[in-house]
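Below, chain A partners chain B and then partners chain C, in two separate complexes.
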Partner chain A sequence: MSLDAVVTAIQQVGLTLIVIAIAVAALEGVLYLLLVRGLKTRLATPLMLVAPAFVGLAILIVYPLLWELNVSFTNMSLRNFRDPGFLGLENGMFVGLDNYVEVFTRPVLQLTTFWQLLLQTVLWTVINVTLHVAGGMALALLLHRQMRGKGIYRALIILPWAIPQVIALLIWRTEYNNEYGAANQLLRMAGFDGVPWLSDPFWNFIAMIITNVWLGIPFMMVIILGGLSSISSEYYEAAEMDGANSRQSFRAITLPLLRPVLTPAIILGTVWTFNNINVPFFINQNELETSDILVTALFRMAFQYNRYGDAAAFAFVIFIILLVFTVFYVRRTGSLRGAYE
Partner chain B sequence: MKNRYRLASLVAALAIVVGACSTGSSSPTAPAASQPATSGAPSGAPSAEPTEMAFPEGDFALTMWTKEGEADGSFQFNKKLTDAYTALHPNVTFELVNKNVEVLREDFQTASLAGDAPHILWTVADHIGPFTSADLILPLDNLVDRATFVPAAAEAVTADGTLWGVPMSFGNQLMLYWNKDLAGDAAPATSDDWIAAAKSAHTGGNVGIAFNQTESFWLVPFLGGFGGSVFAEDGVTPTLDTDAMRSALEFLYDLKYTEQVTPAEADYDVADGLFKEGKAAFIINGDWTLGAYSAPPDGENPGLGDKLGVGPLPTLTGGEDPKPYIAGAFLMASKAVGDDADLQTVVADFMQFASNKDNQVDIVQTLKRLPGNAEAIEDPIVTGDPLLAGAAEAAQKGVPQPTNLEMRCVFDAMTAGVRDLFTGNNDFAGISASMQSGSESCIAAL
Partner chain C sequence: MSGPTSVPAPAVTAAARSARATHQPGGRRDSRPKRIVIHGILILACVIAAFPIIRVLSVALRPGNRLLDSEFKLIPEGATLNAFVHVLTETDLPLWLFNSLVITTGTAIVGLLVAATSAYAFSRFKFPGRGVGLTALLATQLIPAAMLLVPLYLLAVQFKLANSYVGMVIALSVTAVPFSIWILKGYYDTVPIELEEAARIDGCSQLEAFWRILLPLSTPALVVVFLFNFLAAWNDYFLARILLSKEELLTWPLGLQRFQAQFQAQWNDLAAASILISVPVVLLFLYSSKWLVSGVTAGGVKG
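Up next is the complex of A and B:
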């Protein structure tokens, strides 16, 4: 990294920041004139505050989503590598719902079908979220009491969350090396044979889970710890007076009162794990299709096989799956009604 | 609140100061005097003497993406080349960016769609397939003189009779390297000799044969050695479920599980590291590592020096000579270059400069790669060097790598099969059948 490269990078970033600052200032100016001076609405302040974020989301998320939806109705690929325009109608690239149908009827990658990938993804998500919640709960309960050095333990447990994820994954991948990785060296020291973490389908899946659990427990622990802190001790005192043991208190008091905190955390955890491309991508170094989940298969379909139209349709199928799950979960469990009704 | 406004103001001021300190990337410079083109007439007709023409005026800031990395000094060679060209033509500057081969392909496709593609690529021949399918690169028949290149090298980047790249190095073939301290001085003549030598060396923490067990590129020579090929004669129908493929798979399986002369698990970096550290008797690797492996042991990037042996892969018992793919490194121009006549002239001129005899001899001396220039490959610097002679012998046994779009599907299908094989799966028929159906399925979806 030379000084020239650093200076060039700062210049480019600085220029971009200036442009953004000017654009935001202009937007706020227009909104002020419109909402404060013109309409004199009481919503002026909140609207002015959220406007830059809204514009940013519209540019960075909404517009690409709409473009992707557009591409999903076309046969854009390397053989048809051009801007499709509106639904590909002008360029003869329009294929209607063919891409959506092919997601379910043809192998997504070389041999793996959508259904196999869905099963792998559900398995991956359920195992990870279960272990995240269980592990996070256990650690949170351990830390939610008077003890010496609590701050240090908390800091150490949060450390995986603090390390940039890609760095952590590259290190984990190295440690899964059959001959030179720490995992197998420890196993051999304990008298076991080494495990082919990167080349065997079963063990590679396990390796992915181990890594993701290590990464995900801190988040869940922090959320649950916050929830535990908000539960009044009077409930536990009352329960103790009524003769309840710790297990009964956990079931009758802790869990219900944690539900408003746990529910969004589980929903978030499920969506993030379902969509987690980093861990499977980096740990599945050998691109085993048995270790692919929906989003990694989507990535490879788009950027390795250049099937852009198919990939766009596939992306929306995944989006709809997650949307249905979220709506169903919230309605079915009624979890967001709150535990005080 | 007041403190937050002060902080925000400070940040804004800092950004403005940084932006104001920018000298800008496009400050005007005095236009260079018009100079004759340096390296020959860019015409399809072979010519003995270059035709002088006026070099375009104005500033040209060219972007070149290169697959060459710093580890083996090849990126530095790229830089030397572009700096030398800038010294000849001060109005032409280069921004040189290194990208991994796959990243280069993906990013070039994306950048082309966005209208922001680099002007020049230094990349591999098999990118011809996706780039010509997507119409992203410029045909070069009218811009460079094909007769200056090694015919086989030019053929590697010819599709439908059109030249799409300028060969910078020719070869890219897999060959056999050996550590003479562990494997002896002489090259093994047959695979039986080879395995016997590997077994003797596979002891005391050393391995007999190291190679990348995760990529199908390392399967290809043995497929050819057993009489197979990846495509039928039409060049697009995959032929992976064949006796030749099953024999090749069995041969590799035996190396690892029956003869037990390979590491338990090895990707490219592990194999390369083992050999450089002197812990592998043999390695199957490409000619691109010849420079690194032959470097003196006490140098900045130590290699094996005089202990290195190089030659083609030994003849297979019950088969033929293995047939590695040959390709090389090539310059390509993005399609957009053709929209500007002056820019096109500059890019063509640079390509001819980079591929002239002097620079090609330099690539031999610096990187130990076979040149793509027809004169340079006859130079005593190639013919008189035993290591390069070994590399050239290996290249002669190779076959041109297919560059069509279907090849990607074939490579990916074979890679999945190879990885399955090295988990201990000895159902060779099942693996070859999976490869066949995987490649067919992928090709059907292209």
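Up next is the complex of A and C:
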């Protein structure tokens, strides 16, 4: 590690912080003149407080997305790598809705169609979230009692969530190695044949799910544990006096009282799993197109095939699927009521 | 970027309550056989959770000539710390770690400052666009990371921001902001507004009341948001992958990958590096896990 490199890093980040500070100061100055001196409005304070965040979001999320929407109507690619301008109208890059139509009518990369990827993504999401919730619930119920070693159990079970994900995934990937990986060694010790975890699409998909279940259970467990401890023990005592067994009190007390905690966690878990690019990307080492999910296909389309126009259209299709699901689910469960007061 | 890399943090609110109320569901003590079964299942869960880490530790300790052994011993025969010394002195690992640390700290500070002030506005003021703003913040959580990477990459190339930390720090802190605002707003909402009103009667200005009363009272939430931003940036792989290619700028996730490609057989180096990277983060995480109860659900719980 040379001194030059250290200085470069500090300089770059220091410069960034200064740029940000100057930009924020300029923004607040303009707002001050406009709102306090000019309009003399009482809304000046809140607007000045939220301005940096929303200007940042506008520059880094809204503007790029609008630009991406623009690109989605053009044939921008590595061969055609220039600024398309507005819809590519002036330099003949405009292709209308072709990119959107092709998402549904042509193989997304080379082999798999959109519908197959969607099916794989839905399977991936449903299986993962179900196992996360079931596993997290089981462990939380076991841990939620007075017992020795509770803190140690909790700390160890949280480990998969705590270690940096890239590292966890690199480890898992080597454990799926045909000869030396632990997965096949354990299978052989138990008297089975080894499984081609990395080269067969089906087994690769299973490997992805095993890895992601391992990664995701601790989060659900911590959430559910938090929910469980906010349920007053008086309910259980009353139920016991009325002669309820533990299964009855689980269904009549625990589940309904966990709902306000569980519903948002499930929505969030679903969105994260649907959008999970790390796990499929790292575990699918051989880039098997047939075990991709939507977002990894999107990443490959943009950064391996360099089909930017197609990828932009594909991205919006994925986003709209997710948006429709979330709005529907949030409305139906009413899980965000109260957060807006 | 959004996604599961980002550690969903905390909710400090429920945590405090839960620490006290460890009751026994059902009210009775478990019978002995039941206790044994419970401990058995939990020990199994711990082994599964820790298994990859134990394996990697054992690989890191192996001497160079036994890397591909298929043994399952924790401490291998002829265990040695050579791999740790090697990665720290003869590879670029210290540089990658330093780069990551600088980017990550910058990101966490910017993210926290921006989120703390915005959350104050959302918690204490009524203004036009408030509801829409909160919804918009939530909606950003739906954007797949891959979807943002495409335009960010193309724009970075266009504006010559590739291979610089300016783009990295700004992009990482901004993507962490929506979630941070929600967590902090939820926490501020639980602090009685009367405290600030009293301070204002005593002559504080509104911003002084925020700075002197609300912020100190919100320290746990601020710590957790800082950690959440820190870990999200520390674990970022894809943004760095598309924006950074110069050797001296690489962050550890990129460096580690290079490592794997370069030294095909040096599993012990990779393993030792993984451990060196993980240990501080894991300790930080476990330490803060008291607060890591359910920030994500704070809004829902309150309703």
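Everything that follows uses one rule, which is that the second predicted complex is superposed on the first by the 303 of 341 C-alpha atoms of A that agree within 3 Å, B and C clash if a C-alpha of one lies under 4 Å from a C-alpha of the other, contacts with A are read in each partner's own complex, and residues count from 1 in each chain.
We take it that a contact is a pair of C-beta atoms (placed from the backbone, for glycine too) under 8 Å apart; a residue touches a chain by one contact, two chains touch by 3 or more.
Predicted model only: the values in this text are computed from it and were never measured.
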> When the two structures are overlaid on chain A, which partner does A:18 contact: first (chain B), second (chain C), both, or neither?
Replying inline: first
> Looking at the overlay, what does A:121 touch: chain B (first), chain C (second), both, or neither?
Replying inline: neither
> Once the shared chain is lined up, is A:68 touching chain B (first), chain C (second), both, or neither of them?
Replying inline: second
> In the superposed arrangement, does A:185 touch chain B (first), chain C (second), both or neither?
Replying inline: second
> Who contacts more of chain A, chain B or chain C?
Replying inline: C
>> One more residue to check, A:196. First (chain B), second (chain C), both or neither?
In response: first
>> With both complexes overlaid on chain A, does A:305 touch chain B (first), chain C (second), both or neither?
In response: first
>> Per the contact definition in the header, classify A:52: touching chain B only (first), chain C only (second), both, or neither.
In response: second
> If you stack the two complexes on chain A, which partner ends up touching A:171: first (chain B), second (chain C), both, or neither?
Replying inline: second
> Who does A:160 touch here: chain B (first), chain C (second), both, or neither?
Replying inline: second
>> Residues of chain A that sit at the chain B interface in one complex and at the chain C interface in the other, please.
In response: 8, 10, 15, 17, 83, 180, 303
>> Give the list of chain A residues in touch with chain C in this complex.
In response: 1-2, 4-6, 8-10, 12-13, 15-17, 19-20, 43, 45-47, 49-50, 52-54, 56-57, 59-61, 64-65, 67-68, 71, 76, 83, 139, 142-147, 149, 152-168, 170-172, 174-175, 180, 182, 185, 214-216, 218-219, 222-223, 225-230, 232-233, 236-237, 240, 246, 249, 254, 260-261, 263-265, 268, 271-278, 295-296, 298-299, 302-303, 308, 311-312, 315-316, 318-319, 322-323, 326, 335-341
> In their shared complex, at which residues does chain A touch chain B?
Replying inline: 8, 10-11, 14-15, 17-18, 21, 77-79, 81-83, 102, 106-107, 109-111, 177-180, 194, 196, 198-201, 285-289, 303-307, 310
> How about chain B: which of its residues touch chain A in the complex?
Replying inline: 12, 15-16, 18-19, 21-22, 25, 102, 106, 109, 112-113, 130, 133-136, 213-214, 263-265, 267, 270, 405, 408-409, 412-413, 415-416, 419, 422-423, 434, 437-439, 441-442, 444-446
